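Chain IDs A, B, C and D follow the sequence of writing; residue 1 opens each chain.
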Amino acid sequence: YTVTEVKTQVGAYLIGIGKKAFDIRKIGALDGIQDIHIVSDEYKLVSKKWKVKPTSIDLGDGIAIKDGDMAIITGPCSIESEEQIVKVIEHMKENNLTMMRGGVFKPRSSPYAFRGLGMEGLKLWYRLAKEAGIKIVTEVMQVSQIEEMYDYVDVFQVGARNTQNFNLLDELGKADKAVLIKRGISGTIEELLQSAEYVFSGGNEKLILCERGIRTYEKASRNTLDLNAVPILKSKSHLPVVVDPSHGIGIREFVPQMALAGVMAGADGIIYESHENPDKAYSDGQQTLNFAQSSLLAEQIRKIFAMRKTFDLL
Amino acid sequence: YTVTEVKTQVGAYLIGIGKKAFDIRKIGALDGIQDIHIVSDEYKLVSKKWKVKPTSIDLGDGIAIKDGDMAIITGPCSIESEEQIVKVIEHMKENNLTMMRGGVFKPRSSPYAFRGLGMEGLKLWYRLAKEAGIKIVTEVMQVSQIEEMYDYVDVFQVGARNTQNFNLLDELGKADKAVLIKRGISGTIEELLQSAEYVFSGGNEKLILCERGIRTYEKASRNTLDLNAVPILKSKSHLPVVVDPSHGIGIREFVPQMALAGVMAGADGIIYESHENPDKAYSDGQQTLNFAQSSLLAEQIRKIFAMRKTFDLL
Amino acid sequence: YTVTEVKTQVGAYLIGIGKKAFDIRKIGALDGIQDIHIVSDEYKLVSKKWKVKPTSIDLGDGIAIKDGDMAIITGPCSIESEEQIVKVIEHMKENNLTMMRGGVFKPRSSPYAFRGLGMEGLKLWYRLAKEAGIKIVTEVMQVSQIEEMYDYVDVFQVGARNTQNFNLLDELGKADKAVLIKRGISGTIEELLQSAEYVFSGGNEKLILCERGIRTYEKASRNTLDLNAVPILKSKSHLPVVVDPSHGIGIREFVPQMALAGVMAGADGIIYESHENPDKAYSDGQQTLNFAQSSLLAEQIRKIFAMRKTFDLL
Amino acid sequence: YTVTEVKTQVGAYLIGIGKKAFDIRKIGALDGIQDIHIVSDEYKLVSKKWKVKPTSIDLGDGIAIKDGDMAIITGPCSIESEEQIVKVIEHMKENNLTMMRGGVFKPRSSPYAFRGLGMEGLKLWYRLAKEAGIKIVTEVMQVSQIEEMYDYVDVFQVGARNTQNFNLLDELGKADKAVLIKRGISGTIEELLQSAEYVFSGGNEKLILCERGIRTYEKASRNTLDLNAVPILKSKSHLPVVVDPSHGIGIREFVPQMALAGVMAGADGIIYESHENPDKAYSDGQQTLNFAQSSLLAEQIRKIFAMRKTFDLL
């Protein structure tokens, strides 16, 4: 058995990996050992075999992402300007929405495309969001950004191209801040859980998993939203799971249906793109809702979730 | 322009395929021409560009599969015995379910696996279903079966391995009987519509499309249920769309969530597997609901669909 | 153990499928039992675990497809006219090519596309090929065609859309004629072998496997030619394996490289499309070689294969 | 038109991106403009539409990776010990091999797996390789490693999980050192070229592209080696292309065939894993050749490449 010692912001764990059978009670009875479990999964600390009780990710001010609740996260693909932020925040306040997404560092396939407003944009956004009591979810792309972004972020998002950027995951493990990890562009469910294990074993237990569509041969949609992943992730892990229908289908008029489908599949939250004028958005306009659509969707998500809670589902 | 003349059980159409632009009003004004449309899709008669109004598939006795309604089709993977059929029918009557699925000819990867009860099973099933006022949905695997099955079937199902069996599609075009076409194992949305076009242009307009999961790299589920396909198919075609969550995820305990997700994605029906004792089913037991689960699901589908109807979705 | 009795044109076999361990020598010693093997694969009679010696497919007149030799099969996508056939045959004679491919029944995604010259075309082709001492490889699409095509065909080809058309495979099992089975559009290597098992267990041992590219997310080529499949198939089965670079990449100028790569991957034959004037071909022109390219390729295939034979490869 | 100014270690370029047509001769005639091209691809500077002549990557001491030559890069998955390095170098010297691969920073799906010897291992390796006149190819995983690794590396490798780690690519653009970029785990050919464009436009023209297999539904091999990518990349870009058959198939006994297939597909180099005792390797043993196999393969690659040079291929 090789034993790894993990200390997180919450507790201390010993992970023993090996093949020999032994009587776990012998270890369980040792001084200082509180609890012991056998976890056959490749991932250990994020597994439901180790911790059955769902983990709640508390963002402060009574805002949380957790099982039994429905988090709604919305906002533009890219943070573009003060005016734009103000408009989105107004829209959110009107709809009692408290978690805002937006990119200030944008991963782009082409080096010649818009790469985001950077730290300046983030600071501006932070000031406005803070005043409004709104939490910030935004992508971190590299290790060196963690520190500079730290004070202005409520949830660090790890994008689909960085799901297996292990150095980034290691460093986020040291941060005392929630991390939302998107499934890789063609990542397996197993790999997503392993990536979460990286952050957890690095010390940070505040993790949220996100299904955002996978790459398949089908080109009628931008990605193939794999809603199967929702009940599977919920059954394998104690971490909350959110669904991103905007990237999942990539077609504006179908985002609401897919969001609602995500709720019924068992998601603990929905993250979707909205903008005052999607056709003028700097990026992702084709999959971004306008405010009227967004208000309607938020209402529908709440209604459908209220009904789901009355159902006896796994 | 190459012109194909299509005569169906409902009407007569001329399909002109070519690239030159012309004034369609000139043709529209000719004697005997009722209506004329330009359809840029590769498929023509199944396209919504040609016919905007949704097509209703009437199975008689007030039973239909159509937009604005929620068809629930259930039953075992394989028809196994008289006792089994009786049990399923009882379960269906208790839940006001009127469309029963089941296989008598089973496509199996291995030549040594159970291949179904064949015509004898179908006749037995037909007698019992007829008495109960229940409609039969069952797979036809080859041209020669169409005629022998004809009198005992309400909906011919084309399985995922036969979606591009063009001879079978051609011959089903001559049948005056509804046809439910499953998407190919790795079929595109476009190919599914082209396959429907085969049957339609062969003369049969009574078509239902079915999303049942596609093959991807992800192996945590049997297939990847592509619910994106539902709104996309509904926007491209006037034909009703049903979702098969049993094959779509392949894991019993998650079938209900995925069925409900399918409803919210916009499906006109759900087709799922049920059996008195799934663990003893001849095939697909791992994805088959027992009767208690099936009753609960049917009720949930109806509730969620009733709520969906109050929403303003595309 | 469930036991299936298989009688082929060559021998009689008993396939016992089950899980209990027993001493195979006890059965091996019974009267009339010549040989006995344990085959852990799902497929049995096509497995190398059952028969180590490579199977040679003899087409008569000293023409064969077999391990240790390099079959070159060429010809147009579709048989179009007498003149076209004559031209191809002349080209083949000049290059000592003896196996000609061509379609008379064409599977087409759209019902409005050219579907081939049918039996008339086949009879014409047969007359000309017979005179020239050339063997015919052509696709059979449905059960009813087997009988009418029988006298005019040397190798029945099962197309990628029919790899799991189990009724067709069953019936081809009764034919005393070679069958070339293409891998399904997104078929696994395992499924291809299972499909071969269908034909073999139906009675026909004369089988050839064909890798022709699979469907993936990559759209820069028509399909993704999976040359990994060649050594894997060769190691799992005693049947010969041919590679189709024309469908495998779908881009004319790269067909030669991929053909040669197929030879080095261990193929027993190459099947590629050629035409006097590819740009005027009724179908697949974009991936079809002209005669100059074809002559050059045939020469290169032979040279590279001669070198491969001097190598010590698996 | 948005214009980006690019200065590399070799030259200065202006990239104008936009849609309006104009007479390029007007710009071409301006003072200081040496040459001007229209490039319709998304990538610009790595495109063959901009530079037809193949780029040669010179590593010093007469060692290069380039079109018209056959680079052979071999070595273990992980650098393990001084003894191991010495053994590999001996093996390489015996076979006139001059480029050695090996990992000191290992990306691993699980946080509990061996992550490599790090800088200490690299320095040890560098000392031994330098003495032997052997060039070092090794993976860099994050921005902060570039500087510390710089003096000990001849070719920085970007692994399949980092192909779209845009910050890493940006920073490698500032390094005056060759970079080998592997195709992403499910990366498209287009994305690989865009990633190369990142490094090039960052200032570094010394780029090598690598096909290493993609993720598909087929699980009989570790990845699906996409040899189609070789002629396609060679036709789209002026950069050299190498093939990694070890990761491409993942099965030791089939690595040689796939390497040779890669040569015939048109590769400019082969990179494969070798180890004195593959079964005891810390990682990837199942796809690693022993020295006898490696010697034989190097010889076969050279023979087959010599024959390829006599062929008239694209």
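Just so it is clear, a contact is a pair of C-beta atoms (placed from the backbone, for glycine too) under 8 Å apart; a residue touches a chain by one contact, two chains touch by 3 or more.
Computed from a prediction, not measured in an experiment: that's the story for all the values here.
More C-beta pairs touch across one of A-D and A-B than the other; that pair is A-B.
With each centre defined as the average position of its C-alpha atoms, the distance from chain A to chain B rounds to 36 Å.
With each centre defined as the average position of its C-alpha atoms, the distance from chain A to chain D rounds to 33 Å.
Multi-chain contact residues of chain B, defined as those touching 2 or more other chains: 186, 215-217, 219. Chain-to-chain contact here is organised exhaustively, every possible pair of chains being in touch. Every residue of chain D that touches chain B in the complex is listed here, in rising order: 186, 215-217, 219. Chain B meets chain A in the complex at residues 186, 188-190, 214, 216-221, 224-232, 235, 248-249, 251, 253-254, 256-258, 260-266, 296, 300, 303-304, 307-308, 311-314. The touching residues of chain A, when paired with chain D in their complex, are 2, 4, 15, 17, 42-44, 107-112, 141-144, 161-162, 164-170, 184-186, 191, 194, 197-198, 201-202, 215.
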